[in-house]
Amino acid sequence: MSSTVIITVACLSLIAFLAAVILYFVAQKFKVFEDPRIDDVQAILPAANCGGCGFAGCRNLAEALVKAETFEGLTCPVGGASVMDQVAKILGKEPPVVEPKVAVLRCNGSPEFRARTSIYEGVPDCRIAHNLFQGETDCSYGCFGLGDCVRACAFEAIYISTETGLPVISDEKCVSCGACVKACPRKLIELRKKAKKDRKIYVACSNCDKGGPARRACKVACIACLKCQKVCEFDAIKIENNLAYIDATKCTFCRKCVTECPTGSILEINFPPRKPKVEVQAETVNA
Amino acid sequence: MLKTFPIGGVHPPENKLTAGSKIQKLDIPATVAIPISQHIGAPATVSVNKGDSVKAGQVIATSKGFVSVNIHSSVSGKVNKVDTLIDTSGYKQTAIFIDTQGDEWLETIDRTDELKTEIKLSSEEIIKKCQESGIVGLGGATFPSHVKLTVPAGKKCDVLIINGVECEPYLTSDHRLMLEHGKEVLVGISILMKALKVNRALIGIENNKSDAIEHLKTLAASFQGIEIWPLKVKYPQGAEKQLIKALTNREVPSGRLPIDVNTVVHNIGTAFAVYEAVQKNKPLFERVVTITGKSLPKPGNYIVRIGTPVNKLIEAAGGLPENTGKIISGGPMMGKALINTDVPVVKGTSGIILVPQDEAGRSESQVCIRCAKCIAVCPMGLEPYLLMSLSQKDLFEKAEKERITDCMECGSCSYTCPAGRPLLDFIRLGKSTVIRMSRERVVK
Amino acid sequence: MSNILKISLSPHSHSPETTRKLMFGVVIALLPALLTSVFYFGYGAIIVTSVSVASCLLFEYLIQRFVLRKPVSITDGSALVTGLLLAFNVPSNLPVFIVIIGSFVSIAIAKMTFGGLGNNPFNPALVGRVFMLISFPVQMTSWPVPGGFGTGYTDAITGATPLAIIKEGIKNGESLSQLVTQIPTPAQMFLGKMGGSLGEVAAVALLIGFIYLLVRKIITWHVPVSVIGSVAVFTAILWLINPEKYASPMFHILAGGVLLGAIFMATDYVTSPMNHRSQIIYGCGIGILTVIIRVWGAYPEGVSFAILIMNAFVPLMNAYIKPRRFGEEVKNG
């Protein structure tokens, strides 16, 4: 009986020892050297793996950052300046200048402005709908409202409004990672320079049709009438392809173009309400 | 045992409501809108201006490049404008709008019904004539026919296959053509044989059209080398690769063309158009369209001028029923849903199907129960459930390895899925993404 | 012309088949076997079956409603099928509390923890059955002798199954020619007059169900035929080597759960492979493992274990065994 025990224990010990030896040599042979700083950098990154930097995940960005000579073109849009400063400190390099941005939707075609001309009966997926047809309205550039951007957003910054059927982007939650920009098959989402108090002035339309068809399809479409371009004193507005575009770096938020736009396709957001100058004057005249 | 293709296939209800209705002429509409892109390949270039007078059969847009064909006016009248309108693609496309005045054809066109059997043109002349006359595959794919007739250097064709399968439910335009214009179709096939320099042609016809099979068999006795083969009824037998497999047992390798197994496939409708172009000098500006649907008072088969809005066709068939929920251009398995009834009939429009409101919707998608029916019915031997989930998860490289590009979008998988899953919707998305990715790779 | 039209991708028509119709098709196919078992085992069969079905439905409802807080889908019929199959795999005199425990294991552990219908790697009914077999070996192996419709529930006379008789006999050194008097004749086995689980006994009823499933195109022939075929071939080889020690293929197919397993358990959609090639490999695997367990294993019956073992290989087969692609190999004729 006791010999059985001894033999068993001996056999098992021998096997364990052999396995340990083999494991040791295998581990030596397949050892991969990794710069320990990659782990340090990765620890600082936000770990959202959103892909906003252009890499598959935070680890890949960390590897690229450690390898790179300068931070040219490498930045974490989510973490912003503070994270990049820390990364620079670890790697002993100059931190890059990061300009905070925010995503905006360049379409304002809610049902009250865009009449429905057909009903989409398929999978709620913008890319599939985009491959199939121009959309439920006459506008072949506008938002489907099927929420590819919502699904792409790793920060829950976007939801589809039940009233307008359009995505709403939260200024606080948006980290400008750009995932929604890539997800949108119609390229309706733009990352714009962030301004004080989250103020925004932009053309909420992407319709490249001529004025007539654009207007017929949607009441708030840009009809490329050139009025905004003329009124802008800072050369911030360009009209290309029947569509106006406001350059956020040149715009001074004077709001002249907003009142000038005949279709109301230029939106002003987070501004204090205007003084009702015009109406007051009208009343005084009447009086 | 009737021949058929070996793997997969489904049996949707046939619903050939119009199999017995004679082809009628549809009245010429007051205006037509002729899109300049009615074929696969480069759109034609507009060659008329606003205010020009045109005759039926006159070229109004010229082919641009080899894979492109001419577009002809289908009516006589004045060019009103060149503008955009929504066509079967679901997007706005450039089209030429013509206001009709009378019905004057080009003088060169032979308007008689006389059958001309003697083929005077040479092989090269026939191919050239096809491009000039705007002949494209009329089964629905609208691939320019002259491209298929031009056998590339180093390859040879030994048998011509004619697709008289019409495996889509509802559609009967090819069926009626075979019955009413059998002789013309057979002459057309002889012309195609001459162009390809082959002496054997096989016509595959599904067994549910026994009258057409009998009729063509009697006629074909006086034509050299044309054989009629009845086939077992199974969808999608009309698909090129499946038809070749059924008739000749040759299997077109993945990613290759029928010419790689020494065959060329043309459609019955194309053969008829080729006859008209070559023997009668008449370009392709009208075609047979089936207008059908269970709710329609008078479904039928009509000869329709290209560019006629669909609503004219619906009017002729008894008017749009109140409860119409969906209008399909083409068959119910592969056709496209139309956005409105102003969409014009184009070269690829084989039928218009009206679907009532209660049948137009889709059932709710449920979880996959892994019943494997999609795999069993896939005629290409793919795994639709897997391709769908890969596309859903954006794993396009994997989907490419699973040969997503072999999918020909026949819809058998979505048709058969008991859980009502939108398999093909996602597979299409994956397929188009994979094709785009591989093109980008080539560019790099 | 004011209709607003619906737009969707093709195909625009859909076959009338739905998940629910498929599941209820399986239920219909199970009815002949259920009726014969009521005929042979009496009230016990009715009580066990109804308790099993009711508790499976109840557990599915409770879990979906209160644990997962998802829409309740008990009407799709999958829990009903699981309940029936679970009942078919137990003796008809099994105490009610064990049936309920088995249902709980089937639904809660084997099905719902993996995400419900479509995601479970193992056949739920078989997991429940094997759990009961291991936990309550005495109750699970005391088989009532077929006593006709009047047989009571708990007071049924019990005996051994033909497989157990053979197994014990061979172990004790008896030869098959001696044992043959103790087991039912092939005709009796075909009609189901023998001890066994309540659904597995009547070969004829199971075959009627099989034909119905094939005609309705609910299943294909690949899995059942390869299971039965491989059992037949393997046992035939052994039988030819020594007919005194190994039973005939006929006996192996008719006795025990081969038919029930091959037709209804191995063909379970969720846990069987996706294409015909791997379905045949899967079926042969089940057949061979069954015979190995029966002839050399500890248990007299091995179908349940064989199916569960092969279930484990299904994801692997789905990943590596692909259907024959069109245009895969060039064959010009």
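Each chain carries a letter (A, B and C) given by its place in the written order, and its residues are counted from 1.
Assume contacts are C-beta pairs under 8 Å (C-beta built on N, C-alpha and C of every residue); 3 or more make two chains touch, one makes a residue touch a chain.
This is a predicted model, so every value here is computed, not measured.
Novice: Identify the chain pair joined by the greatest number of C-beta pairs in contact.
Specialist: B-C
Novice: What's the farthest chain from subunit C if centres are computed as the mean of the Cα atoms?
Specialist: Using the mean of the C-alpha atoms as each chain's centre, the farthest one from subunit C is A.
Novice: Nearest chain to the global Cα centroid?
Specialist: Given all protein C-alpha atoms shown, the central chain works out to be B.
Novice: How big is the gap, in whole Å, between where the Cα atoms of subunit A centre and where those of subunit C centre?
Specialist: Roughly 52 Å, centre to centre.
Novice: Roughly how far is subunit A from subunit B, going centre to centre by Cα mean, in whole Å?
Specialist: 42
Novice: Return the distance between the CA-based centres of subunit B and subunit C, expressed in whole Å.
Specialist: 48
Novice: Residues of subunit B that contact two or more other chains, please.
Specialist: 90, 326, 337, 339-340, 360-362, 422, 425, 428
Novice: Where in subunit C do residues touch two or more of the other chains?
Specialist: Residues 5-9 of subunit C touch two or more partner chains.
Novice: Can you list the subunit A residues in contact with two or more other chains?
Specialist: 117-118, 121-122, 128, 132-133, in rising order.
Novice: For the complex, which residues does subunit B have touching subunit C?
Specialist: 7, 10, 12-13, 90, 169, 241, 245, 248-256, 261, 311, 320, 324-328, 330, 332-341, 353, 355, 359-363, 366-373, 375-376, 378-383, 385-386, 403, 406, 409, 411-412, 414-416, 418-420, 422, 424-425, 428
Novice: Would you tell me which residues of subunit C are touching subunit A in their complex?
Specialist: Residue positions touching the partner: 4-9.
Novice: Touching subunit A in the complex: which residues of subunit B?
Specialist: Contact set of subunit B toward subunit A: 84, 86, 89-92, 326, 337, 339-340, 360-362, 365, 422, 425-426, 428-429, 432.
Novice: Residues of subunit C touching subunit B in their complex?
Specialist: These residues of subunit C touch subunit B: 1, 3, 5-15, 17-19, 21-22, 76, 78, 116-119, 220, 269-270, 272-276, 279, 318, 322-333.
Novice: Name, in rising order, each residue of subunit A that touches subunit B in their complex.
Specialist: My answer: residues 117-118, 121-123, 125, 127-128, 131-134, 140, 213.
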